[in-house]
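Heads up, the next two complexes both have chain A, just with different partners, chain B and then chain C.
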Partner chain A sequence: MKYNPVTKEILDELKSILGEKNVFADEEKMEAYSHDETDAKVYGHMPEVVVTPVSTEQVAEVVKLANREMIPVTPRGAGSGLSGGAIPIYGGILLSVEKMNKVVELDYANMLFVAESGIITNEVNELVKEKGLFFAGYPMSLETCYLGGNIAENAGGGKAIKYGVTGRHIMGVELVTPTGEIVELGGKLAKDVTGYDLKQLIVGSEGTLGIVTKATVKLTGLPTAKSNLLVLFKTPKDAIDVVPEIMAGGLIPTGIEFMDRLSVQTACEYLNETLPYEDCGAMLLIEMDGTDQDEVELDAEKIGDMCMENRAIEVYVADNYTTQERIWSVRRNIAEAFKVTSPVQVIEDIVVPISAIPDLIPELEKISKKYDVQVPCYGHAGDGNIHAHLVKNPDSTMEHWHEIEPKALRELYAATNKLGGKISGEHGIGLKRKVYMKELISPVELELMKAIKRAWDPNNIMNPGKIFDLEDR
Partner chain B sequence: MKYNPVTKEILDELKSILGEKNVFADEEKMEAYSHDETDAKVYGHMPEVVVTPVSTEQVAEVVKLANREMIPVTPRGAGSGLSGGAIPIYGGILLSVEKMNKVVELDYANMLFVAESGIITNEVNELVKEKGLFFAGYPMSLETCYLGGNIAENAGGGKAIKYGVTGRHIMGVELVTPTGEIVELGGKLAKDVTGYDLKQLIVGSEGTLGIVTKATVKLTGLPTAKSNLLVLFKTPKDAIDVVPEIMAGGLIPTGIEFMDRLSVQTACEYLNETLPYEDCGAMLLIEMDGTDQDEVELDAEKIGDMCMENRAIEVYVADNYTTQERIWSVRRNIAEAFKVTSPVQVIEDIVVPISAIPDLIPELEKISKKYDVQVPCYGHAGDGNIHAHLVKNPDSTMEHWHEIEPKALRELYAATNKLGGKISGEHGIGLKRKVYMKELISPVELELMKAIKRAWDPNNIMNPGKIFDLEDR
Partner chain C sequence: MNIIIPIKQVPETSNVKMDKEKGTMIRDGVQTVINPLDLYALETGIQLKEKFGGKITVISMGPPSATKALKEAIAMGCDDAVLLSDKKFAGSDTWATSYTISQSIKEMGDYDLIIAGERATDGDTGQVGPGIAAWLDLPLATYVSKIEKVDETELVVERLVEEGYQKLQMPMPALLTVVKEISHPRLPTLRGKKKARVSEIPIFTAEKMNLKPESLGLNGSPTKVVKIDFPTVTRGGTVVKVEGETGVEEAVDKLLDFLKRKELI
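Let's turn to the complex of A and B:
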């Protein structure tokens, strides 16, 4: 498939659809739209034109034009992605939803929020918190990311055990299809089995099946009480073994975060913090929330006891804001800390069955030794979703790094696959992981995905070359 | 599209695939497979042959044969469906999963259960309860229905507010595709964004996109404490208005069931029960659960207070098993009670935004008057999912009933649609509702669904004529 270039005539037509100020093609302004949070040198690509529509109708008109002229369209949210999903690898039209950020409706009676997809996720929470509500599906990057990007990636965060990931909270989307039709999927309904659940197919489809222009988001009662436990274990296996015990106990923590010793140590040194990591091989950070401080603390105590009965060395309770912040700060700063050790790294988000996490650790150690990279391991133990970074040895050359990175990644993904895991739990496949996905996913499943893509996007103009290539067209 | 008949040669080939005892074509034995819980006279249809495979490989071989010979295949679970989804309307092969009921694995470390799709849902719960676990996505009919049917319909139940419906608990499926390929979708992973979420597309697809042969089900800690509130209100609107207040309070009830006066009264008379319905227009039945009886009762008390601050007439607390059973028995027996009044009725499961339930009531009254049918209204208020029955006046003729039923249904669905609702919240579209769905869903959405069906099932042999017709093929 050959795409056509964006000619002077097409630029003029785009301007007549969107207005002069919503269309630009100068290199300097477009540079920011040529990459996301992945390495720009490896994955970046310039668009031919950037458009910033202000309405769903404009989005639909742009997509219709793109079909008529065979020009690829790459939708973009905040550009905070970690898999290259918003990079216009075939040039063409980069469609940013940055100006589509209006609140459509605060429907408190139904505990719903309706907004355009370019709204910053945290704004949703700010707007509804006075009513004691929040959007419980938000990811860690909520202060910069857009709601539309959360939906495209089915983003997850540290509260997923109790509240689920983004998809659970998306009740409806307004979508511009790959052929430029406008359609409402889902709505304000808590249950709906009226035909296929297309809304949930859109969630996590990385902009390849259409552009989400509006979303109806479920709101949840904001917890008013919180308690955190920091639990020390001798080995990663001891730490992980307790997770199903906790989950089966009937108490549902907000999050169970796992940190290996290397992660804790590096973050502590970076923050000049003094968590007691010396004698332990791994830690769990367990958060409980609720509406009654006494109840929450009682529940946290029960979970602490469970940990002690299951080979924990020590349980520290953090039931005030300051102590909680200290602990979470360590967890949040692990990535930052490794950036100081070596600014060159890849952030992975592999996911395995919870019980397989201990078996993953020796595999990471093998990769670490073989390629001379550090591989800290931390993440959402309650979900089996582990952030294994590959951190470049600062003494090695960039040439060496570019040579070993794909090999080390391939081994990491193969090890994950062998343990019944998948290569992405929350960041998506995008551009960065599509070659690996193809190697690891069953050909039948891949073909089922491609069949949907072909059926919905016959010209393959909607974010082409992401997740997979339609090689045969 | 013309299907071919099941010839003697094809019967022989089926027997060679499945063995003699798993293939039968005598009318008497096949009769039970010609209908589900919908009216057999209206919707029933005989298959040409019934097959009862015992392995996924056998299912795949049957589907491959069906493609080669252009014979429709209708998958069937327990036959307890309420929308005609398992009825072989074009004859052909009826494929029952009744012999595929083996437990594959109890994976307690990951809190997962793997079984073939023909297992009775309640068996899952029985097998895992000694470990303090349960499958939280089960529907009300769990003692007869199959796990595979729950998945096909994305069944819901009375615990959906807190625990969600079936789909939330299905982590993986083994699927025989419409062309007879075997594929694993999902797995033992709590999070997974490795390509499109095909597993969730299968959930609720009513057997039109393939046959689920195995499923991996998430288990949840079994609550050990419970408290129920029976709350009386003057009007349905008063009762419904309190629902978002409760939900926003941060406490998440297991269920908030709504019953109008007609429903309560009819069930009470049927059971010789004495709930205090005289002075009230509607009731809410609110269930809380947890792991600590004191905490649960405290939470229930808070919700009771909230109700009293929001125009409740009276709150009755049922914190012991006997009282709880009395109340729930009324709720569960509403359908049964109306069957005694008149055995002829249609059970609907329309769903509207929660705040729209009060506006639905006068619409139901209009339909009741216009067509001289009783329309009791009850159901899952916390989900907006209402069971509005249309109950035939016992004094009218069956001819009259058959004439008015589709008209009354059409008006009910139109009213639902006008309120932002959909025609099915948990029972599915199947055969019974496809003509109505076509009238109410957007043509763009319908076309997107059909595009997937055509792409995955090019010969249209997998449960054809359900949800929609592919008229143009």
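Let's turn to the complex of A and C:
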């Protein structure tokens, strides 16, 4: 794909649309916009110009200009992505929604809110908390990420079993299309089959089909009571085997998080925490929520009993903030802890049918042995979305790592595929996984995706080179 | 070995809001938990019981809702609990509290060791543990960070003091107040929680313990709260603002000047 450079004239035109202070092109300032949470050395790329529009109309004007001049546009939220989706790999215009961060409407009568896409998701929750409501579709990185990014990636997170992923809560979006048109998709309606459900096509489209400028989002009653169980098992298989039992039992937990021993041990050492992991091969962290503390605790006990009947070694109970924080901080710090032991790693978020997780574990062990990498395994067991890191052996060379990383990843993805799984459950394909997706996806499905992309974005200027490369056949 | 552990139920302090006018904490909607520093006393007691056998009794003085903290202690591995609850106890300072708790311990009879937390995170005095030892005329070691040796009649402990450690040999029964360094508290188990659910927790009232009425509650407390004052924050900090196109360089220069003046760089 041949794109045109951002010339002095283009810069001037951008400034006339957006004003001086919303356009900048100095390297130092742009550096922060050249990468996301993936390894900047591997995936990073500088934009030619960064723009920070303040209105939908400005976004539309910028996109029209880019479409006319054949300049790529990369939309960007908070930059907390894990797939390189917001990296401007062809340079061009990086469009950050950071200044479009207002709540447009709090509509309690319809249990929803309308906000611009640059709002920090957690800020919405702070606002609606006093009404006893919350936005239930937020991911784990809730204190930093933007609503627009959540929608673009169809983010998941630790509460997805009970509340579903972001898409389930998105009722409508205002979109600037790749040709610069402004369109409303969906709205405040609980039901709507008036034509194709295009808003759901936008959810998870990784910014390749347009830029979401506003969203209409469903609110949910805020649970006021919570109980957590930390359940120890002899083997990962024992732990995972319980999950379908729980899910079939009728009591739906908010989350069932799986942590293998390596993950728990590394996080505990990092936090100076002393959970008794010595005799166990894996743990489950199960959260129940509701509105009545006694009721929630009784439900949690029933699930605890179910675990004890299914080969759990011990069940610990955390009914208050102090104990809950203790066990959740272990889960939340796993990724950070591995960065300390070995900073070079890839974070994968493969997803398999829940019943297939036990069969996945031995495959991970095989990869770990074969390539001499640590493969800590943890994540959302309740929905089959497992975070398997490949962590470089600190004693090996970078050359060796670069040689084995794609091989190990291919084996991981092949194993996932064989079990009926997919290579990403919530982090997205972006830049990082497009080569691998192409190898595993059905050619028919891929061609359908490309046809949609061509129809929406005839000049291929909207976040090109993400999910798939349009031009390769 | 029979052990008694006095604990306190305190507000969970991660998100405390103050009523600026009254100078008191807003307790509405605030969760209560076992005083975090008491967890180390509980863990120490449970470890001793696991090693030497015996029984642990937990005591708390407070409103009926303090039963929750006592049940959590049972869920961690303690055996029995007693709640000292009576309207007459309301407003007790550390003197009246330690008097009341010490009398209940006398009622309970035989014990080898009393273990308390270093202090409570709400009152922050660290006086109730030593107060109980005084009322019961027991040998006392505060800030204990290690129990080195225990036998039938005596124990050797290490105290954390400002200059380092102090080793004490003391006869039993005795009272220890312990610091964080002594142990890592365990989490309550499901089995423990079920046991706690069915445990009956006896309530000791003033009448039942035959206490001196003039030593109880607000009236029996020599400490009088005259005024509650908020400390004024004297460190203001300097904010270096970035303004205009060349602002960053100027701001950095200002910051460097400041640090140089303070001889920090």
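Here is the rule we go by: the second predicted complex is superposed on the first by the 471 of 473 C-alpha atoms of A that agree within 3 Å, B and C clash if a C-alpha of one lies under 4 Å from a C-alpha of the other, contacts with A are read in each partner's own complex, and residues count from 1 in each chain.
What we mean here is this: contacts are C-beta pairs under 8 Å (C-beta built on N, C-alpha and C of every residue); 3 or more make two chains touch, one makes a residue touch a chain.
All of these numbers come straight from a predicted model, not from anything done at the bench.
Shared-chain residue A:314: touches chain C; no touch with chain B.
In the superposition on chain A, no contact is made by A:75 with either chain B or chain C.
Contact with neither chain B nor chain C is seen for A:376 once the two complexes are overlaid on the shared chain. Set against each other, chain B and chain C differ in how many residues of chain A they touch, and the higher count belongs to B. Of the two partner chains placed around the shared chain by superposition, chain C is the only one that A:274 touches, whereas chain B remains out of contact.
In the superposed model, A:325 lies in contact with chain C only, and not with chain B. No residue of chain A contacts both chain B in one complex and chain C in the other. Those residues of chain A lying in contact with chain C across their complex are 229-230, 273-276, 301, 304-305, 308, 314-323, 325-327.
The touching residues of chain C, when paired with chain A in their complex, are 12, 14, 31, 33, 36, 72, 75, 184, 186-194.
Residues of chain B that touch chain A in their complex: 107-112, 131-133, 153-154, 156, 160-161, 164-165, 167-168, 177, 181-185, 187-198, 200-201, 203-205, 209, 219, 221-224, 244, 247-252, 290-292, 295, 298-299, 302, 351-355, 380, 382-385, 420-429, 437, 441-442, 444-446, 448-449, 451-452, 454-456, 467-468.
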